[in-house]
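Labels run A, B, C, D and E following the written order; every chain starts at residue 1.
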């Protein structure tokens, strides 16, 4: 009992104080009305939620989820082998490698994104080099496309996939992989049958840490996608700032939170199973 | 039986060095098809390492391994028709027992119902029927070990490597499993390479035993050869209990028999090519020594003082001491022992053929 | 075996190259004479010189680092404890709390910022480093929690038992045994937390006080007139420092 | 709790929008310590001041936002009598609709949104907003990522005001926008000049300063001020309600109004300086750049943004729809 | 010795149920201060579970444990002055050997140089000097186990729980460690609660042995009591090898001696309170049976046919079969055996005092 108190109560108090209470305010606002000058009028209404049913907003949600899913998948596909190989290096190098992975992300994200733009744009570095080498005749149109958005998102969220993956792959019991190989499983089979299920908690964690934030990371689509897509993050930001429609912005946020929680729960059910019960010997 | 068979595993000048430890030290060994070969040796002598090199988990520092005549240097573990029962079990924690045992068959893409049948049989063999749906962490130590055995044998490999597979079992189950493993080995005609630290197990089950010490093979041979004719002091001391004496060669009595002087007595021992004045060691097994009140004369009679009885069930050990305090162990079947009191003067006797000079 | 090793090395080099390519561009442009960060016009050290005289940017950087360190420490502690507790104990409301912990990740930053600002202003909490740390910890805790929780899966509790058996109190067991074993997960969570904090703009904007501007705020509010290459210069300096510290630390550890 | 009035000045502004040397000079002169706080849009500034009042002493606010802040009673009176140098300001910039009589605000900097055309990439003349709809410009325009600005473009093409509230007109404007979308390569309010300079786009609907800077780097770029009239803007000093150091704020405004100080601003930023007295100190090239100091006629034809009240919701929906296409 | 001492651990009606398994089934037991008590039993019979309850890792489903007279229900493991050597070692993977062994002392805030000294001594005791700086994963199985022992004994607890601590060691080292553990236990005057599946180990080391079966204690007593007077069929069968017969009571011959009819022969056995007509089982240990050519008459003479010899070093087992095919094992010290050929007719003889009727 004392253990529960010591470990759980800090987070519990924290969340109640700094999240539940503020969130309650947002919930309240979502049922109020926008004033003429963008203030909040104390007048109960469900209009904000009703307005959300417009196919326009459904479309925004779908676009956002599409981008988030794409980002998650590409982070996972690129990141898993990377985390696997890093975990496979000599243990004494691990700390350095991890720090080297994260250091680029301690620079300012805006500056980093501009750097990508410098690389990708029509007269950017990559095109210049490729043209010089004669590998292409016409400059490639890389910027302001879905490709650029995915590249930017994947790049920005990469450490959020790598670190949880690494931390679980690193503790994988090597003798289990040996046992699998010994029983005739090819490396691929071993990977699918043993490595993957045992590292599933890391995959789940990494995917959540990438998927959820990418629903709201609008500055990458804005900068690298040319701002031609409205994702849920922009929509909400626009309500709070450009249109100063806090009630509507709050309503969208509440729905976003609920939908994301649903997705997360479904995902955990689907993939996680009863992973708490997974013991080792 | 092993002599006529083909060689299935050849180990040539095998060596494995960890940073500061020589785990395997230039081993040469041929393992015959269908034989039951046991590695017996003290903790840390390199048994597991040797097995892991054969299985392909460890790359040798030097030398090579041939399986079925082919150098397996570039063959990854899953392509070697070799299965292992791991000392640490290495059960898959995310699979239940049934899935663990069926894993190898599933990898071979065997039809599901055949897998189920074979898994059932294997579980029956290790007396774990009905445990199929448990997770490894719901089993006791011995139960886990039995699952590891089932998981390996269900694949009927050409060579089965077993690393102390019965280590966690009680005597009773262990004896049963010994019989069953031996039975299985004969029936499936699989080569067993077995690691154990239980000499009785080694002696009863093996066709041949390789005694390892400090990364080297000290002696290899059948149970009788090893027990009756240990070639080194280490082997004599390691296999069974023994009494070790050392002394100086006084003279040759006849072909193969020398008279040796120890600090307590002078007596004839068996040996070959010894020189007068040489210092030698020789052994006498406790069960080949008789304690008597001084009476009929035999080849060897040594004066001693009785110290104590130790009771170990079917056997009674007597500890006696010689004039200079050296302790000698004598064993007797329980119920057969003479009743002495500590301090009693006794005589020890044995036949010359039971005292054997050792190489080193 | 060796072939696979070569492949894995190649792959790691490739990914590291991808990670560092934009960083190289960023560094190169910190030596560019043009203010526009657009085309290479010539070499200069002007931006470094200017940076040294730019009190606001340096102070903002100082604030950001302070907030990042404090909030990382706080969220790592709270998040790790929570993950351990949730792994070890069964209690009523566990599932609810578990799900509650995903919410701070889901809340749009601007909503969290405004909500916290309303909250602080309602309870007259003076805005400043303190409120920044609270806000950053709030959105970082789930990242730590999830990372550590995934690492806990399949944790061999026999070694915790061994520690308690040897007379270690639960706290000692946690510090000497549990923590070191799950350290890779905790470190990963802390690194993520630091990354989030050092780069946060929107939430920070709302909860920061009049004398605690942070570095990302400074950068983002430049967008109207173009991000100054001083930022590149500062980023370069920071990169050089962190990489040097990391390499030195590694070297020291070996000796 | 609220801070006691200390000898500080909490300034709220974009970063790099007020030369550091001026701040240092002011601090030296008065002994007041300046805390420079930054935001990246008027709306952020508003949200912060609205939610947590009594923190900032002086803020920089754009025309329409001054109006909103006045309406929401978020501003102190500026107190013209306590400020020195108001007379230095040009008449074009005073007594405007958003703050008649300058009760609450005084101008700091001003500017316009206009067209920048890369003549090496466009082989026809661009003179009016409607030319942007030319199919030849497919995927080659950058426009401000700002709903009112871009709506303004469409409304101007239709010959309407950028502050139009008639739903029918707005619907027509929405259709115009839909037609424009294929020509838009990117929305960028932050640094559209880099796209122009590097040739990534041929035409930009951008802030005048961006166009001027782009022109400096790439002589092919020509500034075009369509006859339909420009979108005008003016940034102003305001004193938020409950400012703990309002007196320091007035001191600061007075300080900024001195011609020699105002000139320093102009040297640093290529915007229109409303300080007529400072104009004489500014170098000729800048003074004669029509991109920065346009004719008076531009002021006559141009329009400031005005808050459209409830219609904002309509604008927002059109914008979302437009982006989503 | 245990009789005069105080009781240190009292186990009262202890019970532990997992979902579908009764692991511990109403156990009552007193453990004396300073005694060496061994749990002996088959795999999965609940030995580890009992130990874990004493140590405080498992909460009993029913009943209670008292240590030093105090119910320890609410005492967490670290507050019980009890240390454990885990069956699975449970070494700390992130610490080297020295740190592992010194952990308990560090928790007690012992000065660093004293810790270093004590750790060194402990490592010496388990023959791992010089291994202090290795990590657990660089050790062989047996070496890990020795570290686990050193880690526990270095704390000199009042009660030391050892769960198959010598399981992974070879016979030689095991014998040495047995002696040393016993020595240590006497010297430090610590209570040892020991789990093993090696009966020889149990018989040689223990003051008392508790034979467990299926969660229950079948019999508890000294080595001699258990071996010579097993109370149940299970105990007789489990401890040592034995030959089990069953038959019907024909008549009472004298006080405590009954004549029993088996399917092969009629003979007198020791028993108490038996009724004529009752079906009973009785045992004769293999080492108490002699094989002879039909000659001098003893109490019991049974006709049999010789089948085979099994060689296990110091002992030779002979398997003979009775008229109806039932196999009987007879052991002899090697070198003492009569040379028979399979198929030879032989006679078995033993003293009536060696055949004992069992309860169930």
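Note that contacts are C-beta pairs under 8 Å (C-beta built on N, C-alpha and C of every residue); 3 or more make two chains touch, one makes a residue touch a chain.
Which protein is which chain? UniProt says B, E = Spermidine/putrescine import ATP-binding protein PotA.
These numbers come from a predicted model, not from an experiment.
Among the remaining chains, those touching subunit C as well as subunit D are A. Across every pairing of chains, the maximum count of C-beta contacts belongs to A-C. With every chain reduced to the mean of its CA atoms, the largest distance from subunit E is reached by D. With centres set at the average Cα position, the gap from subunit D to subunit E is 91 Å.
Rounded to a whole number, the gap between the C-alpha centres of subunit A and subunit C is 15 angstrom. Each chain gets a centre from the mean of its Cα atoms; for subunit B and subunit C, those two points are 57 Å apart. Once the centre of each chain is set as its mean CA position, subunit A and subunit E turn out to be 58 Å apart. Among the residues of subunit D, those touching two or more other chains are numbered 44, 47, 190-191, 194, 198.
Touching two or more other chains at once are residues 114, 198, 240-241, 278-281 of subunit A.
Under the contact definition stated at the top, the residues of subunit C that touch 2 or more other chains are 37-38, 114, 118, 154, 156, 170, 219-220, 223, 227. Contacts from subunit B toward subunit E in the complex involve residues 18, 40-44, 48, 87-88, 138-143, 146, 164, 167-174, 197-200, 203-204, 223-224, 227, 237-241, 285-288, 310-315, 331-336, 354. Within the complex formed with subunit C, the residues of subunit E that make contact are 55-57, 76-78, 82-84, 86, 88, 90-95, 103-104, 106-108, 151-152, 155. Residue ranges of subunit C in contact with subunit D, taken from their complex: 34, 36-39, 53-56, 114, 117-118, 120-121, 124, 126-127, 201, 205-206, 208-211, 213, 217-228.
Taken together, the subunit A residues at the contact with subunit B in this complex read 173, 175-176, 178-187, 189-190, 193-194, 197-198, 277-281.
Those residues of subunit A that touch subunit C in the complex are listed here as 2-4, 6-8, 10-12, 14-15, 18-23, 25-26, 78, 81-82, 84-86, 88-89, 92, 94-96, 98-112, 114-116, 118-119, 125, 155, 158-160, 163-164, 166-168, 170-171, 198, 201-202, 204-205, 208-209, 212-213, 215-216, 232-233, 236-237, 240-241, 246, 249-250, 253, 256-257, 260-261, 264-265, 275-276, 278-281.
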